[in-house]
Amino acid sequence: MKSDNPFVPHMATLREAVELTPDVMLFRIDLDDPDLKPDFSYQPGQFVFVSAFGTGESPFGLTSVSYRRGPLEVAVRKVGTVTGSLHELEAGASVGVRGPFGNHFPLDDFRGKNIHIIGGGIGFAPLRPVILTILDHRSDYEDLLILNGARTPQDLVFASEFDTWAASPRTRLELTVDAGDKSWTGRVALIPSVVRELNLSPQNSVAVICGPPIMIHFTLIELKKLGFADHQIVTTLEGKMKCGLGKCARCNVGDKYVCKDGPVFTLEQISTLLEQF
Amino acid sequence: MSQTAQIRQAARELLQGKAVECVIGYERGTDGVNARPFFAYEAAEADRLIFDQTCTHDLAKYLLNRKGKSTAIVVKPCDSRAINLLLNESQIQRDKLHIIGVVCPGVVERRWGTPGAKQLNACQVCQQHTPVVYDTLVGQPVSEPAVADPYPDVAGMEAKPADERRTFWEEQFSRCLRCYACRQACPGCYCPECFAERLDPLWVGIRIAPGENEVWNTMRAFHLAGRCIGCYQCEQVCPVNIRLSLLNRKLEKDVLGMFHFQAGMDAESPPPFSTYQKDEKLGIGE
Amino acid sequence: MARIGVFICHCGTNIAGTVDIGRVVEAAGQMPMVVHAADNKYNCSEPGQALIRDAIAEHRLSRVVIAACSPRMHENTFRKTVAAAGLNPYLLEMANLREHCSWVHSDGKEAATTKAIELIRMAVSKVARHEKLFPKQVSLTKRALVIGGGISGIQAALDIANSGYKVVLVEREPTIGGRMAQLDKTFPTLDCSSCILTPKMVDVAQHANITLLTSAEVKEVKGFVGNFEVSIVQKARKVDHAKCTGCGICWQKCPEKAPSEFDMGLGKRSAIYIPFPQAVPPKPVIDTANCRYHKHLRFVEEKREGKPPPQCRVCEKLCPVGAIDWEQKDEVLTEKFGAIIVATGYKAFEPAVYAELGYGKHPDVITGLEMERMMSASGPAGGDVTRPSNGEHPRDVVFLTCIGSRDEQRGRTYCSKVCCMYIAKHAIILKEHYPDVQCYVFYMDVRAVSKDYEEFYKRAQESGAIYIRGKVSGIRQEDGRLVVRGEDTLLGEMVEIPADMVVLAVGMEHSPGSAELAQALKVSYDINELFIEAHPKLRPVETMSDGVFVAGACVGPRDIPESVASGSAAAAKVAALFSQEFLTTDPMVASVDQMKCGGCLLCTKVCPFKAIDTQVLRDGRTVAVVNESLCKGCGLCVATCRFGAANLRGFTQQQLLAEVTSLWQ
Amino acid sequence: MAIDFEPRIVGFLCNWCSYAGADMAGTARICYPSNIRVIRVPCSARIDPLLVVKAFQLGADGVLVAGCHPGDCHYTEGNYYSRRRFALLYPFLEYLGIEKGRLRLEWVSASEGRKFSHVVSSFTEGLVSLGPREKVPAEGALP
Amino acid sequence: MRQFISKQNLISWLRQQMEARQLVAPTQVDDLILFRRIDRVDDVILQFQNTATSPKEWLFPKTETLFHVERKDGKAELIPAEIDGETVIFGLRPCDARGITMLDLPYLADPADTLYRQHRQKTVLVGLSCLTACPECFCESMGSGPEDTAALDIMFTEVRDGYLVQAITEKGRSLMPQALLSPAETVKPPAPETAPVPSEGITAKMRQAFDGPYWGRVADRCIHCNVCAYVCPTCYCFDVRDYTNKGSVERVRSWESCQSPGFTKIAGGHDPRANKGARMRQRFSHKLLYFPEQFGPLHCVGCGRCVRACPVNIDIREIMQDVQRMGAPK
């Protein structure tokens, strides 16, 4: 049934649930309404609310890109009741989708620049559409650096795509973990120190960061030291959300709503916010 | 010297001597009639402190926000029991605390803008007019009156037939907005996550409706069994006047009757659910 | 992703005869998350189990409900079944369709079927919230600590050592041997106590697996079963036992004498001494309270007026190996143990509270233990029983029983068990030694309940001892003798018996410091400061604190055979514990969510197993933390925890709530 | 009162005594009414009063809590604590209008199959005569 | 044109309304006066200052189903909730009616909150102007006043033996049968004056006062009881979760308050606004800064309920005075 009630989600079906890490699942979701699909376009950085009926709904950044016309993809880490219920679902299950909401990464502004993608843990997931967009339109952008970090090697998301990314032209993939294991031969370091070590150049560059608050905090410090200006740093803010419409007055940081004005902000914008999170 | 003057003097000395960072007491509120809580951080602020029969708040609740910080606090006898409760439950440190105990003749129901005329129900049957724990005592200890029936309200409710009681509580609980003001005001409510807000297990559903409200109110009271110190804060803050004291006092009465225990009279006695007597007769399972 | 399989057992006709299995299978198949529901003639049979294993594979089941008999019957069977199919064994739940349904509702097929479906629904709801659980393996130190070197501790230490494990035996006195070493003869066989005890003491000293620490006490106990860390205070002896050869010159030449504790003050010993000739280790200690040199040192130190006493130091001068070490201090040793046996024994009741009996006032009123020392051939009197007042042999000896026992007012409520028998022994031996002695025994009841005890008591009577049933109301001195006044309740009249000696059959009491030790060990003790065993009948040498065992009279009055038996029993328990490579802990135990813990610490107070400790987090909060090795999974902490921080694996709040909720779905 | 009223009883039974006692009733084929739904817990001390309150909210007509006899607790003292907890909850629920007779605490040992059956029978009878609980509507109309 | 209705006719009119639709009006509940559904006209209270809680719950219920989830053949289907039946709310004080315009701003802004819109469309708002001012009221400083007719369909003003009637909207006029009315002969009584509060320029001042120790000091005594938000006619925060009962699932929205301890805590435990002062500031910033910047008016109508209800006397009037006095930050 169609409804103009903005709280009533679109019905959708879970096509596939793929285990990305021991506690992160990638859900591929098809909207049920065939008429809706052509209009359902979205940009990297936007998010949707996904409903697990019986528990509730939570917002998740989309990890797919709209122009590929595939199913909607979200990466869900099991942290609470909604994510717990979603993890219990089997392919074929009914879910609800509301959205897309929020602003997006300013990919137009990224054209012709070197892009540094820095993501930690599940925070790397919403950066994937940025990577895909750049790789699919490779000539529009200069060098691409992808830095993906996690607590352990098992916690690195999208590991199956690393080879493809690393083999792409003018693309460098760096992986790091907080704690390695027997099979891990790569870096064991925290993301901020990797940023320092890689000595990223601010020249004609933007840095796109997403991850846990503490990681963002220290990575920003390193980037500033390397000479990145506030407008060259793009990140996302997280806030508890209930509506996605700027109505429930919950996700605001000062006078800005994360759900409407965000979640993507440049550091320049963040520094003008009234509240500091 | 009036109680207000004594409190001011004690507070001034404590703040001047840097014995404490802060004195929690009462000052006059914006209606010019009622008291409101006041945190004095400097000796100069001591003169804002007051004490009179409008000082209804149980300030002990604020100590939960000042863990580890040296604090002086003005307490009435019932509030002093809250301090013992919190000490017993390892929530606060006695050595960080300077307790200014006030001998209390009873306080009045809070009414905005006009001096309250009616003493709180609890005060009418109060048997503790001198604080049970203090460092500075303000006022002269009084001999405690013998109260023949400290629980007339509870007895009245008990005497009603079951269906009448049920109807009464159904109506009361149906009013509940689940704003949780009762919890927020209670010195004994300090769970890091209240069971009512827990999502897993989900004890109380999101609907603000009688069935869910009943679970909330029943278990809120039961979690205070043997712990409620009778400060009446819950009932006073309830925006829809639910008779929460009738719940708490029923449990208080039964705890006293069954286990001979009153919460907060000292900081050491084991609370009723943390001890037992092997051969006690409790009228159940016998 | 929960893919639940439900297997409904016919149990022949046991279930199928009453419950409509077809309907149950159909209903189960409709339940949420159930992807497979099937019935089985006998789930527990090997073919039945094979069907379950196959279905788990075929339907990729992630959780299993077995609807069959009581889980008390077959839960373990089916855990193994699902484990064999590659599932975590704890992802199983049973619905009890037999004991709780078909067998008790055979009169109503319809109702039984409805109930069976609901029981399965509850199990399905619960199993959906099961989590994988893993028993933990904890390494263990295969080394035992025995506290107390009496006969019980000696026996335990020897048995453990003989099983091939290392033992440390801690005794607070300078020698092991305990109370038994003080006894003359033992009832009912009358063999000489030290003759049977001292060889065992020597065995202890010589056993390669036993480390003996005398003059030592347990101070602090940390850790838990398999991994205790115990601090032991080795008290300063002022004699270097590594050098000392036990030649005896020092204690023979020491000029200062003091009452001998071992002889109950009846004899004297020197200030540097061994408690008795057969002491183990046979090396002396200096009693600094009485040592002349120490008196001198104290005099100087306290800057007292007058002339200081002489610095004797005779022992030091005479010691051929230079073993005297005035600088020796108390030392704390911290050692790791896997198990602890408490065998701290008893002390004799102090009879002074019975003022009417005049103990301490009339020299000829003595205790049973004093009589033992008097009778002992190696005792201060060489076995010659004489009246302390005048050194003459007594003619009339009166024994009073139940001194300190069976007396709620002034003594202990319990019967001390051994007094009746040692009095009989005294009476028999006295009569043998001194045929003209007349023994009288005032008694309440004669309790002679072990093998050969009744006969032994008869023998005492036959030897001429006169048993008078009744209590004594007073003893007075008259013409250099004692007159014992009491009531003969059988005759119903007052009697007065003139006596040369009165022996008080004092009972047994906890040894001093029992409560402190119990607290350190986290073992419960009763109002009499006696240790409480885990179960009085079925687990008599275990305690509620895992890895801590009890032997001998620290649990309650015991005679020598019982003490020896319990020592061996405790040793067997330790050996069984040590025979494992690892300790495997049951995963169905409690846990505390530190984020939710408000730190009221009530759980730490109520836990019957003292399995909850506290921990200070980095943010400064103090929270409860469960020691999984000690937790027994009762769940008391869960109901106690208002915060909802404590939970019990296998019976979580979520699981139980799901069961309740499923009834109204 | 409707004759065919079938009360719904939630029974929390401790594993070591009362659950075993219920098993014993089964083994001995002692019939009792089928109204009880048993939830196994390790010890009566495990039972959070919240579970009982929740059962009543959902619509239980009666709740039975059964454990080892005092002194017989498998965990030595759990049931002493549950006795206190339920001794207090019992009059409190009555005060809230949940009649006496809807919550029962019983001590049933592993050998007392007959007692268990008797407890369930008499409890069920008592609930039948009390009739269905007038449930607090979960939905709740607006005031 | 003002008309007159006798008290008797007003009662009959209320009875007609009660029979035709749901009538909500102030009524006595124990010692409180609350807006409740009226089953007996006699229960309607005509003489009162104002109700303990605001009438917003009749348009923005404290708990409301957004949609039901029906399961068919393993597939879920959503049945959106609809508001059926009309309601008349009688006895709204002008400030509370003004409060409804505050709810309108976020909820009717595109995309409109459908349920709220339905409530709004199916509800007739009947006001009762104030003849005396509550001591804690400051409506006139907040753009309302004793005779403010914002959001109202009909306004009654009590005079001798009856009421002056002012049908403001078409909806109101259609509901007011002329037969019950007569021309007004009595003059309108003078409106009471309310105590002034310095609201002028408060938004700019709030921005200046944002940082600094002030909010922490005020928050010291705040117990985060949420009562202010629950009695407020303009607060509109809510929580949304699914509610399962006896197997049926629905998505439910219930009131919540920005002062509640877990309001901004996200799954995983992080709470960006865990600080008491920041939480306190959020309430007043929303009322006096964010809302006016987003929608225009201050988010307060000066009804004074929070002033009266706050157990620790956190008084928005005092806060506005303090903020006005505060200089620009360093």
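Points to keep in mind about this one:
As written, the chain order gives the labels A, B, C, D and E, with residue 1 at the start of each chain.
Criterion: a contact is a pair of C-beta atoms (placed from the backbone, for glycine too) under 8 Å apart; a residue touches a chain by one contact, two chains touch by 3 or more.
The structure displayed is predicted, hence computed values, not measured ones.
Identification of common neighbours of subunit D and subunit E yields B, C. In terms of C-beta pairs in contact, the better-connected of the chain pairs A-B and B-D is B-D. The chain with its C-alpha centre at the largest distance from the centre of subunit A is C.
With centres taken as mean Cα positions, subunit C sits 45 Å from subunit B.
Centre-to-centre, using mean CA coordinates, subunit B is 31 Å away from subunit E. Averaging C-alpha coordinates per chain places the centre of subunit A 51 Å away from that of subunit D.
Averaged Cα coordinates give subunit A a centre that lies 39 Å from the centre of subunit E. Within subunit B, residues 175, 193, 195, 199-200, 202-203, 205, 207, 209, 273 each touch two or more of the remaining chains.
Residue numbers of subunit A whose C-beta contacts span two or more other chains: 80-81.
Shared contact sites, meaning residues of subunit C that touch two or more other chains, fall at 595, 606, 640, 653, 657, 664. Per the touch definition, subunit A reaches subunit E in the complex via residues 1, 3-9, 11, 51, 53-58, 79-83, 92, 94, 96, 213, 238-240, 242-243, 245-250, 252-255, 274-275, 277.
The touching residues of subunit C, counted against subunit E in their complex, run 595, 664-665.
Put simply, subunit B touches subunit A in their complex at residues 199-200, 202. Residue ranges on subunit E touching subunit A, taken from their complex, read 66-67, 69, 74-80, 106-107, 109, 111-115, 207, 210, 236-242, 244, 249, 251, 253, 258, 263-268, 270, 272-273, 278, 282, 285-286, 289-290, 293-294. In the complex of the two chains, the subunit E residues touching subunit C come out as 246-247, 269.
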